[in-house]
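Each in structure tokens, the structures are laid out below.
Note that chain A is present in both complexes that follow, paired respectively with chain B and with chain C.
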Partner chain A sequence: MSEKIAPFHLAILIYMIQSGVTLTKLPRLLAVDFGTNGWIMVILVSFVACCNIFLIGLVNRIGGGKDLFDIMEALIPRGVMAPFYLLLAFIYSVLVILIGKDYVVITQVLSFQNTNAYYFIIIMLLLVIYLVSKDVYTITKVTAVFFVFTVWMTLLIFYHIPYMSFTRMTPFFLAEGENFLLGFINLFTAFLGFEIVVFLFPYIDRSKKNWFRSVYIGNMITTFIYLVISIVSYMFFSLEQLKLTSFPVLNLIAFIEIELIERIESFIFTLFLMKIVVSIVMYIWVAKLLFKRALPVVPDKWVTLILIFSGLAITFNANLEYEIGEWLNIFGLIGASIAIALPLIMLTVLGILKIRRRNRA
Partner chain B sequence: MVRRSIKRRRKLQESEEKDLTNEATLLEQIEHQFEGCADLSKRFLPDLQLHLFYFQHLLDDEMFQTELLKPLYQVREDEMLTVFNRFTYMASDDIHEITQKILNGYAGILFQDKVYLIDLYGPKERSIEPSETEGTINGPHDAFVESSSTNLSLIRRRLKSSDLKALDVSVGEVTNGTVTLLYIQGIANEELVERLKTRVQSIKIDGVYDSHMLSQLIEDHPYSLFPQHVLNEKPDSVTAELVEGKVAILFDGSPSVIITPSTFFDFFQAGDDYYQRWLTGSATRLLRFAAFLITILLTALYVSVTTYQYEMIPESLLQTLVESRSRVPFAPIYEALMMEITLELLREAGARLPTKIGQTIGIVGGIVIGQAAVQAGFTSNVLIIVVASSAISSFVIPSYVMSASIRLTRFGLIILAGILGNFGIMVGLTVLIIHICGLTSAGAPYTAPLSPFFKKDWRDFLIRAPFSSMKTKPTISKSSQKR
Partner chain C sequence: MRKMSCVVTLAFILLTGCNDQKIIEQLGIVSLISYDDISESEEHKMKVTAVIPDYSIEATSEQEILEAEASLMKEAEEKLANQTRQKLVNGQIRSVIFGEDLASKGIKDIIQAMEREQEIGSRVKAMVAEGEAVAILKSTGVENIGDYMEKMIKKAAEEYLVPNSDIHIFYRDLLDDGIDPVTPLIGLTEGRANLKGTALFKDDRYVGSLNSELSRIFLTLYGKVNSSELTVKMPDGEHMRYINFNYNESDRDVKVKKKGKDITGIEIKIDLKGSVLEDTKEGVISSPEESKKIEKLTEDYITQNGEKVLSILKENRTDSLGLKQYVRNSLSFKEWKALDKDSILQTTPITLSVDVKVKDTGMMQ
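Then we have the complex of A and B:
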């Protein structure tokens, strides 16, 4: 592959993977778990995500742009690593199938109460198979166009400015929160997606020296959008109302009325399909890399199908919104742990390699 | 099958020719080659002892008289060779060359044991007129004609530079058409020129009859719904594209010139954008992009909203819509498809019929669609407005080929909207975006400068910035030279 991912596209890609269905529920999660002025936690968790990105940046700098496979296999034989690769691949595929299901269930609630959710899941997964069959450069190109089609939604909050009021805010910070730790983990999972860059190192255009900055920029775009949406929600709804509203962001959108059209939340929510497809595609793409590294004999198209079907099979019992939520809590936690652990393990391996090289010298 | 039989015939002919060459004279060989060609003029001038062979309809009459006949009548037999030694003549005894030259508008003079060939090509051709497919308000009105040499002259008149290079390649195993690759040395990507040349040369087909056909034969993705080369009939636009570092491909026999590489967004540009003030030009261009979205989405949204999401319509408007739809017995998707197909039928009938009868179609369509369909309860007034708006929008797109592709896409979206509502529309859009992003035009990304993002090229993308700020050439032509 001659074309490489430009830093600009990398920033957009990171944002598009991070932001997803969670955005629609985020203000409620903040209100329930953190209570008053919970929006402030977005900044804090974003900072934690930045620290995590910093670790990945260190891996990039010390490892000289080598990806996870090259670094790990310099110390541990591929045969030993293969089961871990497979495990990681299946975790990722389960995680994204859950994200897809979460999206579809909300679509079902909004517009198609009588239709089986699996129709939508199959259609969405067909889209995923179509996109993941392209090379990663094309995926980033598609992502940039999806970004243009979805990012304008943020501007809709201008409609709510006249209806926002400081009287709904309190001077108390993080009071009345139910579960700080769970909230923290949930919020951190909403930032997940940046860890994929570990696998993207060889595909990035490294001609610009500080290209890694675009990972931070991607995270900053997500932070900015999360923050704006949370603040608007906190000032638009009251805290108690926020706690009781399942999808506050959809309610915000439903509030918009113009002469020609109203209740656009069902339409706007369908636009989220593009974000979800990108998230799923990128994780499946990484899972494919992992799977093929462990079992190179399996043909390319079969790998995608194996990953998707195993994801579907494992999550077969997660069909209702709360079931999916519970599964997502578990796999979100696993995903978050992986995001933190990956750079740490890689740094350790790089350290051992360095010591070994020094001893040999 | 046809190609195989032609090849067999050609092989047979070649073996016959070999036999003939050995024994027969050149005169017999020529007569054998053109056997059955009643339109070949053969003349024998007994006092000069020479034979003339030519296709009268391929020659310029005046040149034929002054360059050929007059000198022939003025000389004696023994002076003939001095006449033929002039630079305008070329001597040959190779029957293949002679045949090709005569077919290309040369006159052949058989004298003694050689044939002297003189180029008198000048068939009757259409005069230069304004283009019927690409209208323009400001700017030059002349458009290309079917003759490649006239088209070349139209470009050379505007681009007076010896760096403008022309490469001739022939295409079509039976038709032997001439393709000319035009580019500016030092500005265009010469590797691309070479690649295009090889691609044209490698076309294995009996005949190519138009640039549109040639364009499909050299595309990167021949199975795609979308055209990957802009075809232009305006010499000023082609000149501008050449200056920007693109390659123009002329096909002798077609008034359209292929511009490559082209992006998806190039199909939304028109010469008028540059001849108007930059603000009005930009506004027009934005209008075209809006027209694109209206074309693909409006009818699909109508179907989706009236089938699944009635709540999206405000109460005041809902009343009108419900009233309008109350007498219609069909589901919105059938209603919409019926109207869209009727409109396509009208469009196609209008395009095929002679202009005078074509007007009748307009009236019939206007009455049938406008009034009768609503009165009969076949369709709603609102749908007529929706279908008409999206049809008008589709005609705003300057390229007819692209407009046709987009109109076809619309049907897919309408069906998806009928089945899955807004979700279906989004699925359709997603597939469309993935497909378009995967395309390339002569190796260049089809969705540039949006994705991949080329910041500098945005000055001539959604808007047309003032000329003073458009200093660099498009990135896809891979040239760093100043504009």
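Then we have the complex of A and C:
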């Protein structure tokens, strides 16, 4: 592990983990849960995510760059922590397997209806296994390439400008929303991914003092793209239509007309695979780290397989769109709680350690 | 081992594409579909007709027209498929025609089903036919009616003869509480398919229409027009004067006038800028006085016909211009919810103010 992650790559990595399959549904979630002008909530929730990142930044500053394991085990013996590590590892693997399944379900709405869904899942996971067997530096480099392959899609919205209208947006502020709280949680889970940086501390190039800023920058890229897409959707669809459109972003892409090719969304949606793979790889990578810390005897190769297969086994019953949706709601909530809880717990431990050190002195 | 696993992965990725094949010679690619009402025999029954261009060598004609009776779009598809050796696919449906009777009963279900179907794009052009839609499909003189209709409607929308009628736009306006949808109206003239104007909808029901001349005026009231032309017919002194006004910049603005909380009126402001390319008046027409006069005549022409359009809309109690969107945006959410949306446009006076500017008179003075 000689080479370290540059801040620039870190920003891209954070963005790529954050944005994934939720993006395709995001405008509908906003419309259903918040109603008119729900895009405003993206700014608000992004701010909440920033606060969360700030907490992680505090951990980094106070802990002096020590990662989760070093901080926790300075207070609590590893044997006691091991079950928690394992639990966290399995939660993360289940979460990303669900995200992968969700992606496959949407793919099959568009095409390949007659193919067994597990075919796609296996192919996707093969890519994941290959990538996760590399070190994190290589993963971030691959992520940067994937970023270039996918980020241009945002520019497609220029095509929609003639079909957008401010009048359709209405001046009403969050009227007709169904469930503000659920919407808030759903939207927050769309921002998840930044919490992984807690595990990345030792792998980051710390020669630049302000490197932690790239986590904020990554979050800003996500916010910007979410915001643009939702504002465009609010001006392109009427509110009731947006509430009924399952994947507004796919409809936006499908609206683009090119001679000869109809329905380019089925082509472009395959590019989303890269985003999904990055999310899955990074979470599995963290899960692997956790697992190995708890059970160091298990060989490297087997850890990935154990994690993936247990994830598949646990989610074996979640295959339909609504089943996966329900599972994702639960695991999204768990993921969100972990993202908030991790830095808080670590800060508490750091505080206790400090007091103890002072008392000893 | 490494090489082997690479090969296996590649095989996995590439060979997946061989699953779910669709071979083009075996496909019946539907290009146009029409719906007619035959609910006298049974409730919800429709006559569904599909046009399938036939490119295979053994085909005797360039297209095949299939008919079926059904209550659901998908049910009709099944019945249509029974009549052909090909596998029917919807991916290339480019336009859909509704018969007058069916349209006046409401077409929300069909539009929604088309939006739901992943194979059908949201750019499919919707239109209403005078009388039976199937008559258009069977009209003579055109070899490939599916392609013909799509190109005709697309061209007409680009030239602002009829409104743009992608099903996305229809559905968007249908679900918006501040506007009612519109589509082009087509019909037969001497056996040939022909544009007839604009079909007006009240919610999802076809309620009335505007002829071609009023359609052009309607579109200037409807929104921004990038380029179109008007044939102005106005009395000038003793004679009728005909002017061709070719405009390339037109903008619409809607203002809701309020007194306290009450809406006292709606003003539609239209700005047009263009050139005069033909005029029945003899002599020089580019002088400032003459230009002013042409501007005045054109303004009067648009105002007169615009008022005709407004009265037709009012008669049918429809808000095709989307004026209610502007009413909505001038109110608070509570006021808007409490508003009697059906009668607001019936009771509020709507005024037109037209501003025409003659940019030039072409290559002649």
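The working rule: the second predicted complex is superposed on the first by the 359 of 361 C-alpha atoms of A that agree within 3 Å, B and C clash if a C-alpha of one lies under 4 Å from a C-alpha of the other, contacts with A are read in each partner's own complex, and residues count from 1 in each chain.
FYI, contacts are C-beta pairs under 8 Å (C-beta built on N, C-alpha and C of every residue); 3 or more make two chains touch, one makes a residue touch a chain.
Since the structure is predicted, the reported quantities are computational estimates derived from the model, not experimental observations.
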Just chain B (first), just chain C (second), both, or neither: which does A:F237 touch? second
First (chain B), second (chain C), both or neither touched by A:P171: second
Give one of first, second, both or neither to describe whether A:F112 is in contact with chain B, with chain C, with both, or with none. both
Kindly classify A:E257 by the partners it touches after superposition: chain B alone (first), chain C alone (second), both, or neither? both
Between chain B (first) and chain C (second), which, if any, makes contact with A:I308: first, second, both or neither? neither
Please work out whether A:V142 is in contact with chain B alone, chain C alone, both, or neither, and reply first, second, both or neither. first
Applying the document's definition of touch, where does A:Y130 land relative to chain B and chain C: first, second, both, or neither? both
Give one of first, second, both or neither to describe whether A:I122 is in contact with chain B, with chain C, with both, or with none. second
Chain B and chain C footprints on chain A meet at residues 111-112, 120, 123, 127, 130, 257, 262-263
Residue ranges of chain C in contact with chain A within the complex: 9, 12-13, 16, 19-20, 91-92, 115, 118-119, 121-123, 168-169, 171-173, 175-178, 322, 325-326, 328-329, 332-333, 336
Per the touch rule, the chain A residues reaching chain B in their complex are 6, 8-9, 107, 111-112, 120, 123-124, 127, 130-131, 134, 138, 140-142, 144-146, 148-149, 257, 259-264, 266-267, 270-271, 273-274, 277
Can you check the complex and tell me which residues of chain A touch chain C? 36, 109-115, 119-120, 122-123, 126-127, 130, 163, 167-168, 170-172, 175, 237-241, 244-245, 251, 254-255, 257, 262-263
Over in the complex, which chain B residues touch chain A? Could you list them? 308-309, 311-314, 317, 420-423, 425-427, 429-431, 433-434, 436-438, 445, 447, 450-453
